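Should a chain be cited, it is by its letter among A, B, C and D, assigned in written order, with residues numbered from 1 in that chain.
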C-alpha cells in the first residue's frame, strides 16, 4: 500500500516538474491566437504545426549536424583529457592535488560571455577561427573539463585504493593498473559524466555565437536565438524550433536513462 | 613547472602526467583569459584599440567607479539572493527527490529518469519556455495559481520589480534540481543500509535517523553539490538573457549579467572587468569550501 | 648466515611523510621459507612496513633487499612479491578465474600454463567450482581463499599478508589460520604476515616482530618473546590474557620486591637487584595459582567469570593499576569481596625497570 | 518565383562548396530581419557578379554591437556590417569604419544629396559619411477599427493628443476580455528608448535635454498608462514585436509600432485596422517620431573595399522595392514606390517620417540609451520619481560628452 502512495506522490511531483516541457510541446500545435488566449488552453483546439516548415526554413538539419559534431568533439576530448586528470586527483591526495582541484574550479569562474572576448582575440591570433567548429570545441572544453573532472573524480574516489595496490603487486604498471582495473570500475561514473558533458555542450550558445563566423558551421542554439529579434518574436516558431531541437536528445536520453540511473545508484562498490 | 614537478613524490609520475596535461590546458585556455580580465580591471580600456596589454594603469579607479554606481548595492544583494536562494531550493528539493526516488515503489527508476530530462535542456530553450510560462497576461502560471486560489490577481513575473528576481530564481531552480538530485542520489545510495538498521534498533525515528545518519554521511557529497551548484549558478547567463536581461530597472540584475552588459553593451570594459574580478573572489571562496569538503572523503 | 640465503633483508629502514616519522631504523632479516609475523597495536606502522616491502610505499632511508638485490626504488611489479589484502581487493569486474590469472596474464604466460596453474591452485584451495563466479557472489571465506589463491598462483619470491583474517568470523578465522599454516608448510614460501592479533602471530609464525610507534621493540621466536620479553610493552602485548603489572620497589635485601602501600606485601625474585630501585613486576595470569605453597600475593576478589573450562578471577591488589587477572582451569567458587592468595614461583616473575621499562 | 528560388539555391550551393579565392571574397554580416533583407540582397548581388565569393553570417540584432566590436578589435571583421543607425557614430568615432565620402564622390549610383537628412545624419560623423542607410522607418499608431467602433469611438478620428490617447485607451480597455487599450514597448534596451524618445521630443525635451520638465511629463504619462492598466504591465518586458503580437491577436486595441510589422499585421489580424500619426502632447502641438533602420557600413579592415562599396551601391539601387517587399520606407527623395501596398499605412508612415528625428549622434550612444531606459523603467516601476530619474539620466548623458 505504502508503495502505491509513494508512487502517486512521485507521479504528481514528476508531472508538475515536467509541465514546462509539456507546455513547449503543446504550444507547437497552437495557433498564435490561441497562444495569447487567457485562460490558456491545455490542449490545442485546432491543432496545426509548422514542424516541417521551421525545420526547412531554418536550415535546422545543418545546424543540428554542427551542434552534434561540436558536442561529440567536446565530449571526446573532455573524456580523453579529463578522465586521467580526475583519476590522478582522486588517487593522489596531498596539498598539491588540493591546489590543483582548487585551480580547476577557479579557472572556470567566469561565465563564457565574459571569457569570449579574450578567447576570440587569442584564437584569431592562433588561426583557430579558420576552423570554427574546432575552435568552439577548444573553447567549450574549458567549461566542460572542470565540470567533468569534479564529477568523475567522485567516482574514482569510490574505487578502493587497495585494488590499485593489488594490481601493482600483481605486476601491473601504474598505467596498466589504471586501464585494466580502475577504469573499468569507474566506467559508470565516466559514462554518466560524459553524457552530461555531451548535453551541456549540445546546448552551448555563447562560444558558438561568437567564434563561428560562417553560418554554414553555426549551431542549433544560435539558430534559435535568431528567432528572438528586434522586429519579430514568433513564439510558436520558437517553441517549434525548441521542440525539434530537444526531442532527439530527450529520446536518446529516454533510451539511455535506465542505464544511466542504474549505473549511478549501483555505482558504490562494496 | 619542472621544479614544481620534482616536488611530487616520484612514484606518482603517471598520475602527475595525466593531471598535468589537463591543468596545462585549463591554464592556457581559461587561465590566460581570466588573467586578461583581471588586468583589464586595473586599466583604462578602449575596446577598439588593438589587443594589447599595455594600457594606462588605473589603480583601483575602476572598482571605485563600479561601487559608486547607484545600482551597485542592488546588484550585490540580487547576486547574493540569486545564488543563495537558487542553491537552497535546488539542494533541498534535490535532496527530497533523491530520497523519494530511493524508496522502493513501482516506476521509481523510470520517473527519476524522466526528471533528469529537465537538465538536458539548453539554458536558452529553458529560458524561452519559462518566458512563455511567466507571461503576465496570457501565461499559464498565473492561470494555474489563480485557479488554485493562491493568487487573486495576475502577477507580472518578468515586469514587476518585486518578482522579477524571483522569477529568474524559480527558472534556475527548475534547471538545477535534476543535477542536485543526481549527485545526491549517488551519495545516498552509498550509505550502507545496516547503518539505518542499527539506528532503528537503537530506537531512532525517521527524523532522528535523517539528522543522525543521513546528513553526516552526506557531508562531503553536500559540500560538492553546494559548491558546484554555486559555481554553476554564478555562471548562469543564457537564462538571464532570455528572461529579464536584468530588468526592469535592474531589479533582477546580477553580477555576471551586469558585468557582461558593462563590457559588451555599453562598452565600459574596465568597469565590466572589475565586476568580473569581484565575482572571481566569490568563486574563490566557494572553491575553498569545495576543496575542504573533498578531504576525508575516503572512508576506506 | 650470508645475505644470499635471506629472502628479505631490511637495514636501518625509515619512512617519513614530511616531518612525520612513521618507521624508524628498522632491521629485519627474513631467511628463505620463513614465516614472519609483524605485530603491534594499530598505528604502529606494521602495515606501512609491509607496504614498503611490496613497493607500494617509498622508503626514505636505509636499504631494503630482496634476494640480495637492493629494491629501494624498484616498482612493485618488478619485485615478484604477492600480497593478500585485508579487504581481499578482488577485482570486482573479473570472475574468479580472471582474478587469479591476472598477474600471469600480465606476464604473458602461455594460456595453457595459466589454465593449469589456476586449476592446480583452485584444487588445493577447493575453489574449483567457483571459477566462473564474480567476487560479489562469494562468501567472505571464499573470497579470502581466492585472495590467497591469487597470490599462490604466481609462485612469488615472497608472500605478504596484510591482516587477511580480520574480516572473518571467529570460527572461520581459526580454521583459516590452520589452513594458511598448512599451506606454508607445503609451499615453504617466504611470508611476512601483518596482524594485530597476537594469537595469530604466536600460532602461525616462526619469527615474530613486535612494533610500536614505528620501531621494532623486540623480535624472535614466538616462545622466546613469551618467555623473555625484552620490555614491559612486549610483555604486555604478547600472551593472552595480558600480563598483570604491579608497581613496587626492590627491597633492602636485593632479593625481593616490596609493594602494596600500607598493606605491605612482598615477593621473592630468586635473583639480586639493586636495593631501592623502583620496578614493575609482571605476573602472567596463567602462572598464578589459587592453591600451592611458597610465596603468594594477596588480593580482594573484584569479579569472577567462568567459561566452564576456565575461570577468570580479577582481584584488587594495592600497587596494581589494573585488577590482577587469574586464569584458572576448571571452575572455582569465589565471591566478590573474598580475600584470596595467589601463589607464584619466583622464576615466573618478570621484573622491569620503572622508568626504562626494560626487563631486568 | 520558383526559378528565382532555385537560382538562389544554386548560388548558395556554389558559394558553400567552391574553394575560396581571397581576392574576390565578400564577407557580409546580416541581421535576420525584416524578411532577411541584407542576405537576400547579398545573394542577388553575388548572382550578378559570379566572380565574387560570398560569405554571409547572420548576427542577432541584440548582439550586433558586441560582435562587431570584437571583430574590429581582433581585425577579423567582415567587409560589410549592418549597424543600427544611432550606433554609426560610435563605430566611426572609434575609427572602425571606412570613410565613404571619396567613394560617394565618384559614385554614379548614390547621390548623397537625395538621401533624407535624418538618415544621412545618422550615417555620418564629423561631416563624413560612414554608412549608407538601407531605408528608414518610424513609429506610428496602429489601431483596431472594429474595437474602435465597438467602444463607440470614431475610427476616422484617432487620438490627436496624449489626453485623447489616454481617454481612448481607457475606453478600449476591457479587462474581462483581456484587452488593453494600448500596446507599446518599454523593454530595458534600445527598443524601449526608441519608443520613448518620440514622447519626450513631443514635449520639447530630447535625449540630450532630459532635464527639461517635458521628459518627466512623458515618463509620468507612460507611468499613468501602466498604473491604470491601459497597457499591459508586461510592457516593461515586451519587445516591440511582442507588443505587435498582442495587437494582432486582439489583446490590445492600439499599438505603437513601425512599418516592419505591416506584413505580420496583415497576415495575422482578423479585424480591420488602420495606422495613424503619433499624437502630440497637446492637440496641434509638436509632432515627433523616432527614426530607425539599419545602415550598412564597410569596415576599415575590409579586404575588398571596392566590392564592398559596390554591394552598398547595389542595395541602394534596389530602394524602390523597400516598401512592398521589406516594409521599409525609402532612404531618399528620389525613390519611386510603384503601387504601394497598404496605401493608408504608406501615406501615414510617409507623413510621420517628416517628424522623425535621428537619435544622437553620440559616439557613446549605448551608454546614453542604457541611462534613458533605466530611468524610464525605474519611473514605470515607481522606484524613482520622474523628475529625479530624468535628472539622473541627464547627468549620465552629460558625462558621455566629455
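Heads up, the rule we're going with is that a contact is a pair of C-beta atoms (placed from the backbone, for glycine too) under 8 Å apart; a residue touches a chain by one contact, two chains touch by 3 or more.
The shown structure was predicted, so the numbers you read here are calculated from the model rather than taken from an experiment.
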Inter-chain pair with the most contacting C-beta pairs: A-B
Of all other chains, the one whose Cα centre sits farthest from chain D: C
Centroid distance [mean C-alpha coordinates] between chain D and chain C, Å: 89
Separation of mean Cα positions, chain C and chain B [Å, integer]: 54
Chain A-chain D separation of Cα centroids, rounded to whole Å: 37
Between chain A and chain B, centroid-to-centroid distance (C-alpha), Å: 16
Touching two or more other chains - residue numbers and ranges from chain C: 75, 87
Residue numbers of chain D (touch at least two other chains): 73-75, 178, 246, 251
Per-residue overlap in chain A, given as positions that touch at least 2 other chains: 35-38, 117, 121, 160, 162, 173, 225, 228, 235
Chain C contact footprint on chain A (complex, rising order): 160, 162-163, 165-173, 176, 180-181, 184-185, 269-270
Residue numbers on chain B that touch chain A, as the complex places them: 7-8, 12-19, 21-23, 25-27, 29-34, 36-37, 51, 97, 100-126, 128-130, 132-133, 137-140, 143, 147, 174, 177, 179, 182-183, 185-186, 189-190, 224, 227-228, 231, 234-238, 242, 256, 259-260, 263-264, 272, 276, 279-280, 283-284, 286-288, 290-291, 294-295, 297-298, 300
Complex interface listing, chain A residues touching chain D: 32-33, 35-38, 116-117, 120-121, 124, 129, 209-210, 213-216, 218, 222, 225-226, 228-233, 235
Chain B-facing residues of chain D, complex: 65-66, 69, 72-75, 90, 94-96, 178, 180, 186-189, 232-237, 246, 251, 364, 366-367, 370, 374, 377-378, 380-381, 383-384, 392
Sites on chain B touched by chain D in the complex: 46-51, 70-71, 135-138, 156, 158-161, 244-251, 261, 264-268
